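Below, each structure is written out as structure tokens.
Paired with chain B in one complex and with chain C in the other, chain A is shared by the two complexes that follow.
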Partner chain A sequence: MSAAAAARAPWLSRFITSEHPLPWLLPAAALMTVFGIYPLVSAFISTLYRKNAATRKLVFDPDYNWVKVFGDERMWNALMNTLIYTGVALVFQLALGMLIALLLDSDRKGYGFMRALMTLPLVIPPAVTAMMFLMMLNGSFGVIAQGIIWTGLLPDNFSILGNASTALPGVLLAEIWQWTPFMVLIMLAGLRSLPKEPFEAAAIDGATNVQAFFKLTLPMMSKVIAIAVLIRGIDLLRAFDYVKVMTDSGPGTATETLTSYSGRIYFGNADFPYASTIALLTLILVIITSTFFMKAFKVKL
Partner chain B sequence: MSFRDYDKKTFIADAARDFAARRISKRDFLKKMGLAGVGFSAFNLGLLGSTRPFRGTGPIGDAAYAQDASMTQWLKDVSGPFKGTKIRYTSEATPPTVVLDKLKGEFTEATGIEVEIEIVPLEQVLAKATQDVQGQLGSYDLYYLDQSWVATFSPDTIDPIAYYNDKPDLAMPGMDWDDFAKPLVDGLALYEGKWAGIPFDIPIFVTMYRKDILEKHKIAPPTTVDEFTAAVKMITEMEKGNGMYGTGLQAKSGHYSLNCDWTQMVWNEGGSIFTKDKKFSGNDEAGIRGLQLYQEWAKNAPPESTNSTWDGQWQMGASGQVALINSWDEFFPGWDGADSKVQGLWEAVRPIRGKPLRAVADAGFGEIPNYGHQGGSILGLSKYSKNIDAAWLFMQWACSKDIMVRCTLGGGFAPMRLSSFADERVKAKQVVGPGTTRHLPIVLETINNDIASEPDMPLWAGFSNNEIPVALGKLLTGQDYGGDAKKCMDDVAAQIDKAVAESGL
Partner chain C sequence: MELSRPMQILRDLTAAVVTALFMFPVFWWALTSIKPISAVFNKDKVVWFDFTPTLINYAVTLFGRSRSQMAIDEGLGMGVAGAEAYDSRQTIVDSIIVSVGATTVTILVAVFAAYALSRMRFKGRESYLNWVLGQRFMPPIAILVPLVTIYSGLGMRDIQNIYLGYIGLMLIYALMNLPIALLLMKSFFDDIPKDVDEAAMIDGATRWQSFSKVVLPMVRGGVAASAVLCFVFSWTEFLLSLFLTTDIRTVPVKIQTFVTSTGNEWGFIAALGTAAMIPSFIFILLVQRHLVRGLTLGSLKE
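Coming up: the complex of A and B.
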């Protein structure tokens, strides 16, 4: 601040350099208000209007969208898909992540390189990963699809992503492939920070590796696992990229998640109020689920 | 998810899709990824494979690209006040847009007006235009409007004929409005007596067949729906062992492409989407017959059809996987491309005819039932633009005789103007080869005789991108309705009739 400005408003200069918390909090609070609270409030306000698709006029009708959303079969289907998608992806990513982390938790030569390799899938943008899997799952020429067809599990030219019963597993394959390494890295960080003494004591007492894993490793890793699940869980509840690129919510609504449904209403039907209602519902779901999870597993962030 | 975030993700996806479909080169793909903030490792680069040209563009020589000198002079004369202006619009990556994007530098050079064309997926074009008109923002000076949205956006555009007459000082000499094919004006640009824009793009359904395969099985090129169906079934039976199917579909659930296929099936069976009393009629006898026949065709198409849009359908033809397609004429030049394995093997005829058509007077919302589904677009001048006159100059230039011919020469797709069809340079390319125009006589015949048009109603953009193709997807992939076409259409009818009633149309 210039001397002239300080002279004009001496209280401001004193306030900024004081030990009062406000000067420190204000910038963050302002950013939070502009980028967090305002869009949220704006989205909520828009849910209170009904849009006439023919005239594009917005009519104040506060309960219209909220009543509609709870009676909307597609929303319930999307909610169910979102929960299945999140649950299945989490289980696979967690189990595979832990398994691979245990295999890579070694100081022997070459393991460091292998750990570094695990980051490769993470640097590919999800939309590009989705395109890769879209091609690999193509029933006519995709390498994964052809492999499965070759084993006889699927008939010739079977379209994995074009079939209602196999599309969701197909999309999940891309999701799991890309994000399992994230779990591996978190688990590895946790494993490598565990103290050695309890394991040595257990070995002297004759504990097997399996016993040591269930009685020592898992309990000591519980906080790390909980945080990893929380981070991935929040991300998975907002699943969009893979669904958009690989199936565009189809076939029918077989892979439609809450975010992709909201996107379709927003960008396809241009019904902003109703799309905002679904988006807010997704936010509420994320908040409730993560709060419940943090309480249940005593996670403190 | 924010609009920007959505935008970025779909931009990446679209660029990747374009690259996979060989519409853009590896260099362009990487450039776009760079714009989207995406980096690549050497390993990823290896996965991208070798550079391939845009499938529709063939070498046409420098002469064809030279701008008409009188046009350049006129642009220089009138553009003085607008020098330094920047105009923007957003469009799907249709062949004319891609070629125009390459040519626009000539316009900028002559006028000093910069032109930014945002090429994004179709649903984003709709979303951006919708946001712009909803807030009357004027972020876009022009709108690329698909034929199914014209009614929605007509109130937001300026009638080009009226503007041409009102602003004689900016009126391009020799614009010759009568040169636009009348069926295109009626089916595309006109809504309630007003031109919502200038016709810009006209993909239209024609019937295309592999002459070698049909000759092999002694099948005559089909002219009716029944002949087409019989040929499709026969070829599937005879050639399936060789990995070939009778036909390929653009039946991706929830995509507009599936809606296009379906509407054509309904019209072919003598039905319509709406009746004159504005009720959905896809669930009447003709509508059900059409959908049942489509289910039959799907059994004789590569299973990947249910996950394919027009891109996938084109690929099926290019890879030699199918022998007959009733779809967009724009596929044709690419199949004749230099690197195509089916070069010279495809032929085009007028679209197959079905049962007698339902009269236009018996259909609703300005729908025109016929055998050639058109998927054209117009360029509309935004009422809310802050640079209306500069945009108007560009719009006239982009739709002028000279540019339209050169767009056709650059991509082999159908022009809007009768003079372009008759142009000697266009005729000279009616030979097998990249960017061929040998299908254009059939296209012109189809435009003049068979052009069909979807309903003109503000809700149609939503119905045709969501309710209808989602329900059809459920039916075709076995997610719902147990294979019962009637059940599916009754469900769609309930949704659509309710929405139409609620909107007060």
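Coming up: the complex of A and C.
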């Protein structure tokens, strides 16, 4: 602040540089209010209106959308897909992440380089990753699809993403590929922070590596694992990019998640109140599951 | 742990194979980006290495060479339409403007709040932290519809005013990145003993001076790490950019337009995609030491 400005408004400069926390907190609070709370509240208010499909007028009808959403089979399908998507991705990312972290946890030459390479998937835009996998899963010229077809598991020219039973696994492949490195990095950090003594003692007592892993490593890593699951879980429940780009929720509604269903209504028949209802439902789901998780596993971010 | 020599070799090999497996999609992507149009465009088989490498895809996407001229030069009749649609120079400029702007706003706003939350004791501190964390839980799509309405009303859509359009996207990205930057910065401030501020203030420094002259310089690494994460998340964001903007096309949205009715331009998609991951990969390697802390919102320290 310039001297002139300070002279003009001495109370202002004194306030800004004071012990009071308000000036420090205000900019962030303003951003979160104007662009977070206010739109969120307007979104909620909009769900209290019913959109008349014929006249396109909004009619006040407070419980219309909320009653409709719980009777909407497509919503239940989207919810199931969201939960399956989240569950499967978490299990694979956690298991692979732990295994790869154990593998790469070494000070030998070359391991540092491999760990650095592992961060590469994290910086690729998910929408670009989705395009990349769209190409690689193409039934006629996709390198992954051709590889699977070559093993005889799938028939010739099989469209993985175009088939209701294989579309979700196809989308999950991209998701798991991109975010397993996230788990690897976190698990590596956890492994490196473990104390050495218990492992030395266990080795003297004749414990095998496998025993040491289950009796020592896993329990000591439980907090790290819980944090990783929580952060990843929040993002997975809001999954949008891969589904939108790779299958656009299809075929039919086979890969439709809550957020992609909301986006589809938004783009489709422009029933904004209903699109917001489903989006808010996703928010409620995220808050409930993560609060429950934090309480159950006693983790705090 | 000590391994016997054959076991150690086996482990090295497994580690190398697993890393290679994870790098394969990126490798394939980069390989596709240097294939000529004839080797990828609507091809019905996998082409491995039997092609003449070319930079044609980069010339079209990054340097604005005409797609149709390229096709004619290669002696191809197909896909000779849509010359400018693949020129992504403006897209890269847009992405840089929005990402750098959003990062600047986020860091400016987050660093003050993080300092206060780390240093000062006041009523509502816990609630404020929960509010920040709650912000992280919010699916962007939940605020999308009202946001479009608000922006339209204020004339802030990019179709109404391009400059306000940039600012609108920056601010909403700043909001999305705020929780991670704020909680990460707070964890860095928490690492510095309070005695440091108190000593400075006993020596006559004001709160502001002890913050700006003493504590802030000590957390430079943390600021850098937060900035890089904000940049990467802005650079890779898709949903908000897709719905909020029309004229401003960031890279992840622009790349979707290469899916055309005559066929997907995989070469261009690969070239732009490969080019787009280089800047963020370099940045992330620079702050690798703090990466885990950043990804876990400051809760795990390396």
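Throughout what follows, the second predicted complex is superposed on the first by the 273 of 301 C-alpha atoms of A that agree within 3 Å, B and C clash if a C-alpha of one lies under 4 Å from a C-alpha of the other, contacts with A are read in each partner's own complex, and residues count from 1 in each chain.
The rule is simple: contacts are C-beta pairs under 8 Å (C-beta built on N, C-alpha and C of every residue); 3 or more make two chains touch, one makes a residue touch a chain.
Please read these numbers as outputs of a predicted model, since none were measured by experiment.
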First (chain B), second (chain C), both or neither touched by A:Val123: both
Partner touching more residues of chain A, whether chain B or chain C: C
Going by the contact rule set out at the top, does A:Trp177 touch chain B (first), chain C (second), both, or neither? second
Could you look at A:Phe133 and tell me whether it touches chain B, chain C, both or neither (first, second, both, neither)? second
Which superposed partner A:Asn269 touches (first chain B, second chain C, both, neither): first
Going by the contact rule set out at the top, does A:Gly233 touch chain B (first), chain C (second), both, or neither? neither
Which partner does A:Pro21 contact after superposing on A: first (chain B), second (chain C), both, neither? second
Tell me which partner A:Val245 touches in the superposition: chain B (first), chain C (second), both or neither. both
Touching A:Ala189 in the superposition: chain B (first), chain C (second), both, neither? second
Determine, under the contact definition given at the top, whether A:Phe158 touches first (chain B), second (chain C), both, or neither. first
By the touch definition above, which chain A residues appear in both interfaces, chain B in one complex and chain C in the other? 39, 120, 123-128, 131-132, 135, 140-141, 238, 240-241, 244-245, 259, 263, 266, 272, 279
Quick check on the complex: what are the chain A residues that touch chain C? 16-19, 21, 23-25, 27-29, 31-32, 35-36, 38-40, 42-43, 46, 100, 103-104, 106, 108, 110-111, 114, 116-129, 131-136, 140-143, 146, 177, 180-182, 185-186, 188-190, 192-193, 199, 203, 209, 224, 227-228, 231, 234, 237-238, 240-241, 244-245, 259, 262-263, 266, 272, 275-276, 279-280, 282-283, 286-287, 290, 300-301
For chain B, which residues are in contact with chain A within the complex? 1-2, 6, 9-10, 12-13, 16-17, 20, 33, 36, 38-39, 41, 43-44, 47, 123-124, 126-127, 130, 133-134, 243, 252-255, 302-308, 319, 321, 457-459, 461-462, 465-466, 470-471, 473-480, 499, 502-505
Interface with chain B, chain A side, in the complex: residues 39, 52-56, 120, 123-128, 130-132, 135, 138-141, 157-159, 161-165, 167, 238, 240-241, 244-245, 247-254, 259, 263-272, 279
Complex contact set, residues of chain C against chain A: 1, 8, 11-12, 14-16, 18-19, 22-23, 25-26, 28-29, 32, 40, 43-47, 105, 108-110, 112-113, 115-117, 120, 122, 125, 128, 131-147, 149-150, 171-172, 174-175, 178, 182-183, 206-209, 232, 235-239, 242-243, 251-253, 255-256, 259, 264, 266, 269-270, 273, 276-277, 280-281, 283-285, 288, 291-292, 295-297, 299-302
